[in-house]
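To keep things clear, I will list the structure first and then write my remarks on it.
Labels A, B, C and D are assigned to the chains in the order they are written; within every chain, residues are numbered from 1.
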Amino acid sequence: MDKIKAGVLGATGAVGQRFVQLLADHPYFEITVLAASDRSAGKTYREAANWILPQPMPAQVMEMEVQPISTHLDCAVVFSALPTAQAREWEAQFAAAGYAVFSNAGAHRMDEDVPLLIPEVNPDHLNLLPTQQANRGWDKGFIVTNPNCTSMPMTMALAPLHARFGVEAVIATSMQALSGAGYPGVPSLDAIDNILPFVAESEEVKMNIEPNKMLGTSTAAGVTPAGIRISAHCNRVPVSDGHLVTVSVKFRQKPSLEDILAAWREWHPLPQQLNLPTAPQPALVVREEQNRPQPRLDRDAGGGMATSIGRLRPCEVLDVRFVCLAHNTIRGAAGGSVLNAELMMAQGMLEQFK
Amino acid sequence: MDKIKAGVLGATGAVGQRFVQLLADHPYFEITVLAASDRSAGKTYREAANWILPQPMPAQVMEMEVQPISTHLDCAVVFSALPTAQAREWEAQFAAAGYAVFSNAGAHRMDEDVPLLIPEVNPDHLNLLPTQQANRGWDKGFIVTNPNCTSMPMTMALAPLHARFGVEAVIATSMQALSGAGYPGVPSLDAIDNILPFVAESEEVKMNIEPNKMLGTSTAAGVTPAGIRISAHCNRVPVSDGHLVTVSVKFRQKPSLEDILAAWREWHPLPQQLNLPTAPQPALVVREEQNRPQPRLDRDAGGGMATSIGRLRPCEVLDVRFVCLAHNTIRGAAGGSVLNAELMMAQGMLEQFK
Amino acid sequence: MDKIKAGVLGATGAVGQRFVQLLADHPYFEITVLAASDRSAGKTYREAANWILPQPMPAQVMEMEVQPISTHLDCAVVFSALPTAQAREWEAQFAAAGYAVFSNAGAHRMDEDVPLLIPEVNPDHLNLLPTQQANRGWDKGFIVTNPNCTSMPMTMALAPLHARFGVEAVIATSMQALSGAGYPGVPSLDAIDNILPFVAESEEVKMNIEPNKMLGTSTAAGVTPAGIRISAHCNRVPVSDGHLVTVSVKFRQKPSLEDILAAWREWHPLPQQLNLPTAPQPALVVREEQNRPQPRLDRDAGGGMATSIGRLRPCEVLDVRFVCLAHNTIRGAAGGSVLNAELMMAQGMLEQFK
Amino acid sequence: MDKIKAGVLGATGAVGQRFVQLLADHPYFEITVLAASDRSAGKTYREAANWILPQPMPAQVMEMEVQPISTHLDCAVVFSALPTAQAREWEAQFAAAGYAVFSNAGAHRMDEDVPLLIPEVNPDHLNLLPTQQANRGWDKGFIVTNPNCTSMPMTMALAPLHARFGVEAVIATSMQALSGAGYPGVPSLDAIDNILPFVAESEEVKMNIEPNKMLGTSTAAGVTPAGIRISAHCNRVPVSDGHLVTVSVKFRQKPSLEDILAAWREWHPLPQQLNLPTAPQPALVVREEQNRPQPRLDRDAGGGMATSIGRLRPCEVLDVRFVCLAHNTIRGAAGGSVLNAELMMAQGMLEQFK
């Protein structure tokens, strides 16, 4: 199969590095462009990127020259790891110029005509794209986004439950890894022997609105949110990778614990059916040990693409409670966008980008 | 003032060391006995205790000989840092033998006739003691307990709110420090770069029943629990000291955020009125910064005896949510029992132990 | 190729788990036996092992029944992760019973007739085996050991230098990872926000005698130690995996820094020539960045089997100084023994165990 | 006693905060000025300083207005926590304007006519001040500096040994705390589960030249360095406070281990004789446990002003080796300068600043 030429925007940062790693030997895509801020442009990637991943930098990108961000890049698809402000400036320009844009940025996630996509959860939301193109006068390009790294595991865990039992309300507390703040990110004196009970102004808002969009109903006209009341307490913890979330849930219909376990275990969503290259098998790993999932032991499940769940038990206030976990810079960021692109590829929606 | 002779049971362990530190220069009590398991008995305290506190071992206890646990100790009051099983075996024997027993152990906390006491919260529960002595045939001795280290900060934060507005339901997630598991406690490979989403079988149960007892109504006949539905998710985090708890609350009457802040700030409970030696002034430290309280910066507030609260804001599911924190081995353990003893002393209830 | 049947002794512990992981899909060996203490025997491996590795337990061992340690196991080769005392009791029995014993234990490392082997460093020391068998009356079985996890990276870094320039003296300071102490190992309260300036009575001794044996000259009669004066300061640091060692070296002949870099870069020892399955290519990774190697970024180089070196510069007291690093539970433990076995296999020395 | 008016330069940073804390209730000095960069000037200290110390901000400074740095401050003495570049720009101006300058910055430490002072080690180096004033045309003002936070504990440990036995050579490896890099300082992703084998270009140089100046002989004409060859490996470790250093030493005369212990224990230098307010008693804490000193347990010895030493034993290459530790932001920074000022005060050298 001919691979599609892909560029990474914001390639030198923490999420950009994950894109590079995940796309380095990808069966569908080939990295032809690494683009970053002017400060990095002109250097080799090896010089420009302060590589912070435990796995070594892929050999094929080491000597590639980092390019300035522009809409004249030699690629058809771009994966965006741009900071929000830059994403707001650039992503629509790329789409207008005919690129397929898969973005991890928050800039367009809540735009009415932009899919906020988890392929396992709401693949049908891609039906927003014709409207998006019509609204904005784009004939080929488009923007597809993936959710915030903390919304992501919780939405995965809720999706099969919402489909069967109707989720009415959720109270969640996140324990978010340091890599979620990028690099240099959190100062070490704030992280050592400490917890920060605050992540960012918008973090708890995202935990409320993003799951409601993803679990909502999409028509060409837009998405009707799911109407779930969600309250989140977001915390930063001294963990390198892996966001852990405690969740209490109230349902419209009252399932037993067995019903819930069955809903999780029987879930075999589209990416797993299509056997997409980075789709984890299974999508949800339900742990039976009473002290799992743990970030250090479970974040790499399914190559960092699976969501791990454990400790299902009754909740004295709502109906049930449990814990879920996903790798925040793989599944919760770069890997999420890569899977979005794989889904469109497998459905024949990227043919004109070949 | 003549000091009362005090013994520490389980003196060599983590909580025992805190008792020793807090009682070393105490105006009411004088350490005359350090008692521990047979393995330690006969050694000097310096030899027997693997001292793990950052503050140095008090000079006056270094050369004291550790004694085996027996009811023939040269003291009138004992502070118990015994493990649950040993506490169950020994504490009632000490009370029967005429000792005043202030216990940090879980063994008798939920006994109907034993006060589970936070002096700021339920000082009137000491009215159980005559019943306790009558029930058990003790003429002088008694048992008073302090709550679990995680129940403690949440109960402190809820007490003035419950009094004014009536608490109906609570969903809480704890992030508990390593010292809560004692020494050697949590293996470092479980703690580094990790979170354990589980503390102990009974931890989440304690978070439910202990606050209900403390916030309940006590008569000579026993305590009527407060009837609050409480759901807790307990987690172990890589922090040395200081338990942080996120809390969502539903009230019977609906206070505004200002009402709640006023309730916290105007609270001036009995230990603070009596100016007890280790009572923090104020009892509650309400932080205004959006990223506080933090374990490293706030656990030592009020000498480790204050409870810090922050991030009060509306809850989309219940009514309001906030974060609270206390030092788990000071206020949440040894310091809690010391304050219990101070309260009784200041109220003239320990005269016969002088 | 027919695989050789292999057993893991001490299979449930930290090093045992690494053996299981490394042997799970090995081209030469097939795990047929998992043996451990009586407490674990009879359970499935999944039940018996508290799996602490970030990579999931290999599927093929999950349901294997753990066997008690005995010399009647259904395998020809055993990999020993036994504690020293048990290793002293059992390993010679296994060798006497005809098993090939590859041991990570310290019990027999310094025995005159037992090879202490790093395949890159002293593959010729296998010439001790006939003497070992003759001395002990073993006709088929034997014991081959790998060095202590801290001796290992330093000896790898010194080997090509000693061959060219003659090492006379070494002063080293180790910063050793927590996993080196096994599980539960170091209490978390000793590890958080802390350094322990002490590892074990014998650790600094091993750092002196083991490199001298490995860098010494072996004849059938025994090994003549290299005669290098080595002084080591061993410390435990809050790192999960990866031992870092700072090294100052004095040479008999005085090489330039370029000479040293050349010696490291040109080194292409036997396991790399033979392309053994777990031999890293290259054996030594020489980093040019001034802040490398780092445990988190470099421990997994070469699949955890490479030794990383950096910061070569003059020493104001001896001749030069540098920093080296290796993964202590892979290359410094289980992986070392696996590579020893691969070396013997590739040299036809395990034919009679097929 | 009338207190001397004191200003803190760079008051909002990590070291500036320590100055504020140590001077808040000082018997000799009264904080009248908090000066910092233009960005902070005009705000209250409470607003301007992101307070990162576990102890609360002293009440008396909370509402003080932070002033811009100028030589028209209302104080007689300044304590400088300025970054090197700013210190180079400002400190001489302050001295020229008649202020007594006690600086923690590296800018003037190695100037020939500037004392690099540890009051226990080289109080006589204050004899450089008349030359300094003559050289520079200052009639009242002067600059006195304290050493780098890593040089400090090693120099303290060596001082009494050098006086008795003559130190010839030293090889040291530091494990330096995160607070040594200030705030935000080290990114948490570099600190978690990791060691950085590099601190700063100049760090290892300072470890060589500073002890030689302090242990050298001072006359009015300047300091003759001690001529000790010193080789240092500097590392950053995941510890909040407390620099640990492993040290191997070669002596001119060969003392026994007992001789060395005696030299440490019998040392009763000038600040301790004068009983200066922040002088620790004793200056050196010699630990006998085999696993001490440790940062978490020993950094606060003597209120953070003592140097702890342990693990004295023979060195196979040089003569002896040991481990030493001091609190890097107290004794190794702000506290060092405060003690310098106390020494001059007690010797009547600050009379004209009253």
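Here, a residue touches a chain if its C-beta (ideal position, glycine included) is under 8 Å from a C-beta of that chain, and two chains touch if they have at least 3 such contacts.
Small disclaimer: the values here were computed from a predicted structure and weren't measured.
Chain centres here are C-alpha means, and the one lying farthest from chain B is C. In this structure, the chain pairs B-D and C-D differ in their number of contacting C-beta pairs, and the larger number is found at C-D.
Chain B and chain D have CA centres that are 40 Å apart. Centroids of chain B and chain C (each the mean of its C-alpha atoms) stand 48 Å apart. Chain C and chain D have CA centres that are 42 Å apart. For chain A, the set of residues touching two or more other chains reads 52, 190, 192-193, 238-240, 296-297. Looking at the complex, you find that chain A touches chain C at residues 51-56, 192-193, 240, 296-297, 299-301.
If you check the complex, the residues on chain B that touch chain A are 169-171, 173, 175, 190, 192-198, 208, 229-231, 233, 235, 237-240, 244, 246, 248, 250, 290-297, 310-311, 315-318, 321, 323. Interface residues of chain A facing chain D in the complex, by the touch rule stated above, are 14, 52, 178-179, 183-193, 238-240.
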